[in-house]
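Sharing a structure below in structure tokens format, with a few things to ask.
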């Protein structure tokens, strides 16, 4: 099984929904080949965000990428967004099928 | 008080405060706000079609100019009296400088109920007034910071949902005229108040959720949420009497001036002034000013308009 | 049979059984149920406003009392005849002791179609009957277990969506009266039957999804789902004749007694009696009793009411 | 041009192209399409009830036969002129061989506006024409591949949402008749055009999102999206004159023939011909043919029908 | 990259939607600093739950926390909910940005 | 804590929503004891899929299973779907509570 899987980073960002456009387009600029977003609600340091109201909803962004891109995305989040926005981020090592799908843009941005 | 539309707001408030599991699905809320914006736009457009739009030029300029006083005053009060930093004072200024579509809808529902006529082009003012107050608030917050991307911000506001639907509705209504709209009027006009009632039920629930924020925010913010609309409404009524509007028109203009935005402003401020604390300004505009306006404010502005414009006859 | 509203239910049933990909979005379902609950409440409230509410005190007490027989009988039958354990028998008792708002709506639609008048305050009974049967079911399930958090449970029920909307609608309708509701009646009254039709389409789809559960559940549960409403309806009609209700009122009271809850009860039971198997009680109430009542039951209860009350004249 | 319904489409288009954040919630879109399908079915069914359905047998056979020319022509053009592979050419054939419900609704709205009468049973053709073109498209794509699970495909189509709702509505309308539908007509008939307007707003937004696809797809596909409906419409008008339909009926038949599916077809093709590139066929049907038909096509087909059938009188 | 990331546990609970309030408030009481919820549907030992109907929908709860809190949350789930409710739980090691965000409540509850 | 957790594979598939029925039923046939689905939107090699429109929406399928089943599911995805559908897949090691929940079908299919 492991033969077909290559290790990549999965970055998961949970944040207020008004950042959807900003973060996903930044990730693509940095070189991620894609992203996935779903709607969420939750609670944390900034209190309850129950999604009953658009201004009050969270999203959950997932970005699969290699380590170099991941580092640059985490940098961006820390520098630009962490101080003022509701946000939580975690990173996992995952095995991906068809790793070449996640490379073309990454290599562009590194080349 | 016994306008059923307001009773729905109170029902939502009670349900929220008593921790009912009643929830209006987010999608229903979004659908209803699309509906309300389009309907108000269409109605205004059809009214415009019966007037000569060029006659509105001077009133629009006058109203825009006096309306700019509102965010400036709001900023000064919040910064110097309330002691808030530039960011938060600017955010409050933007919220109170812009307008609330639903407060406007409740105001026109109030007048219709009392059979008080008003100028059909009032919703043109609604559109016009949404933007400048917002920009002034951002400018005051960003003063000397100088890193605002105004282009992006303008696009965010102008291409924002509420402007697109209001202006779009206005233009469709203007092009089609009341006759042309006949086939779609069962949806956009006949259902208006019933759907507004359901929308206000949701607003009550949301407002109830803001009460916790308010407890934290203290006496200044609560007073601000009541006094600021009174000041703005006064400016609005004076403007209306300058322009020779009817008593109904003056009531609605006062309502517009007094109303604080909680849809367009929060989104724009979140992007342009992220260091501002959103629960302050939404807490004040939604938790205090909105319920104040729809229950106490509007009847008051009507009484004041009657008194002032009756006197000036 | 040819009430189009029922045909929508049958369409949903057929679509579901033939594994169509037709799906009513969950949010539309929720929105429609909010609408139906508010509309029924408003209509009842407006009717109440024309009566003297204090005259309802005795009928309410009588109805509440006789209605308590239903969950007790249901429990005894399920436990001793059906052989279900306390938890499942209590859960069935709670479902059949409470009521179904949509069945009530179909019943009043049926009478309106035949131009049979009924007492406007029937929807007050709807509200009143939602709760006690539920509590009795839980008590029977928990008997001697003694660890039920009744306070939490009461809050769960009383602050539950259906009670809040029904009672809220009743009060708004009562305060406003029919006149006051005129502006919102195009939404809440004119659209009622059409939206009920769409709701029943969804109910048909959901019922179809329950058929698989039914196959597992065997002959006892299926018989229970048909016989229990007949027994309850008989109690309802006798109660109605004691109270001197009209034929229409008796039909609706029988319908209420016969109906089984599938919204409030499942939620409350899931919290209070988690060891009960939900597919049993929802399978019976939604898969058998609901379709039985709206197709065969209501006309039957009407015929029986005519016969009994006609005879007692 | 000044049908307000079309103006909503244009508003959506402009909002989408100017990157407004206006979004119609997916659930609202789904709810509106359920509504439109049911309403069209009900209306057709009520009309059928006033006719003798057996008299429709010959017209249905004739229309089905001539309609089969459309996918075959579409396939030949796409494969031999456009140079697309079998899969993509077959997918285009399926899309253009099937029909678009919303285009039909706009067509009948157009005629109603001009007070041009048309045969009530036209929506029967809508149902009938949805399927054969789709099957022919799949067959042409799969030719010699021979691994298509036709049973699954037929179920996918026949139990698909649009057929279920259209046929279900037809049958309910037929059984109930116009009288029987009276109680639900405020929802399904009175609100029709207003809700169609909101639906078209969303269609405009979706179409705007397709413009990027179009840029990639080149001149052939764009020409195909305009010329193919003209050819199909011609076949439709000739068929209508063979059958002796009225000018309104001929306009609607031409509109049906000219319209391309973007709901049923994409879903079925995705299952049956997964190697086809969906952005090709949806881009053409939704990005070009749909806007072409509702703005330019329908008035053209009306003019042509007047000219041809006027001449044949 | 690893320098900025601290290891925490991510607990994911998939369960029937009526447990949302109960589980999230229990997690906060135990000391989790927050949680994230999104809507889901699925199938498992209790059959199909397709979300077509509120009573029939699942949710997906994510809780980031340290190991001590995680243990107590898992205990609670096993004791209180596992026997009667539709539920699946899994735990992953993840690297989080700004670990201090997940500590304040945890340390309270431990202190 | 680790004592109660057994290691399993978590397969996450992000794909176009029309595959929901096909993939989940295939996973069950192969022997997975269940699955979880939620709605998503995103962007990748096949462009933007913003979910504004049913045909245009993604889903996120999660399947917890043992390694043998995981291998067969990945095979199936690669063979049947990867060539024609919008799809991304990644695999993580997770610790599950109550591992027996994920076994009965797996052992059936292996036995």
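For this structure, a couple of remarks:
When the chains are written out, they are named A, B, C, D, E and F in that same order, and each has its own residue count from 1.
In this section, a contact is a pair of C-beta atoms (placed from the backbone, for glycine too) under 8 Å apart; a residue touches a chain by one contact, two chains touch by 3 or more.
Source: prediction; values computed, not measured.
Path length between subunit B and subunit F in the chain contact graph, taken as the least number of steps between touching chains: 2.
Of all chains in the assembly, those touching subunit A and also subunit E are F.
Although subunit B and subunit D share one sequence, what matters here is the overlap of their interface residues, and that overlap falls short of half of the numbers used. Of all the chains, the one whose CA centre sits at the greatest distance from that of subunit F is B. Farthest chain from subunit D, judged by C-alpha centroids: E. For the pair subunit E and subunit F, the distance between mean C-alpha positions equals 20 Å.
Subunit D and subunit F have centres, each the mean of its CA atoms, that are 36 Å apart. Distance between chain centres (mean CA atoms), subunit C to subunit D: 41 Å.
Annotation for subunit D: residues 23-24, 27, 30, 191, 267 touch two or more other chains. Within subunit F, residues 38-39, 92 each touch two or more of the remaining chains.
Viewed as a network of touching protein chains, the structure does not reduce to a path, ring, star or complete graph. Across the whole structure, chains are in contact as follows: A-B, A-E, A-F, B-C, B-D, C-D, C-E, D-F, E-F. Residues 23-24, 26, 29-30, 205-206, 209, 262-263, 266-267, 270-271, 274-275, 278-279, 282 of subunit B are the ones touching subunit A in the complex. By the touch criterion given at the top, residues 12, 14, 38-45, 58, 60, 67, 70-71, 74, 77-78, 82, 88-92 of subunit A touch subunit E in their complex.
Put simply, subunit B touches subunit C in their complex at residues 2, 4-5, 7-8, 11, 14-15, 18-25, 27-28, 109, 112-113, 190-191, 193-195, 197-198, 201. Those residues of subunit A lying in contact with subunit B across their complex are 16, 18, 47, 50-55, 57, 83-85. The part of subunit B that touches subunit D in the complex is made up of residues 27, 30-31, 34-35, 38, 155-156, 159-161, 164-165, 168, 171-172, 175-176, 180-181, 183-188, 191.
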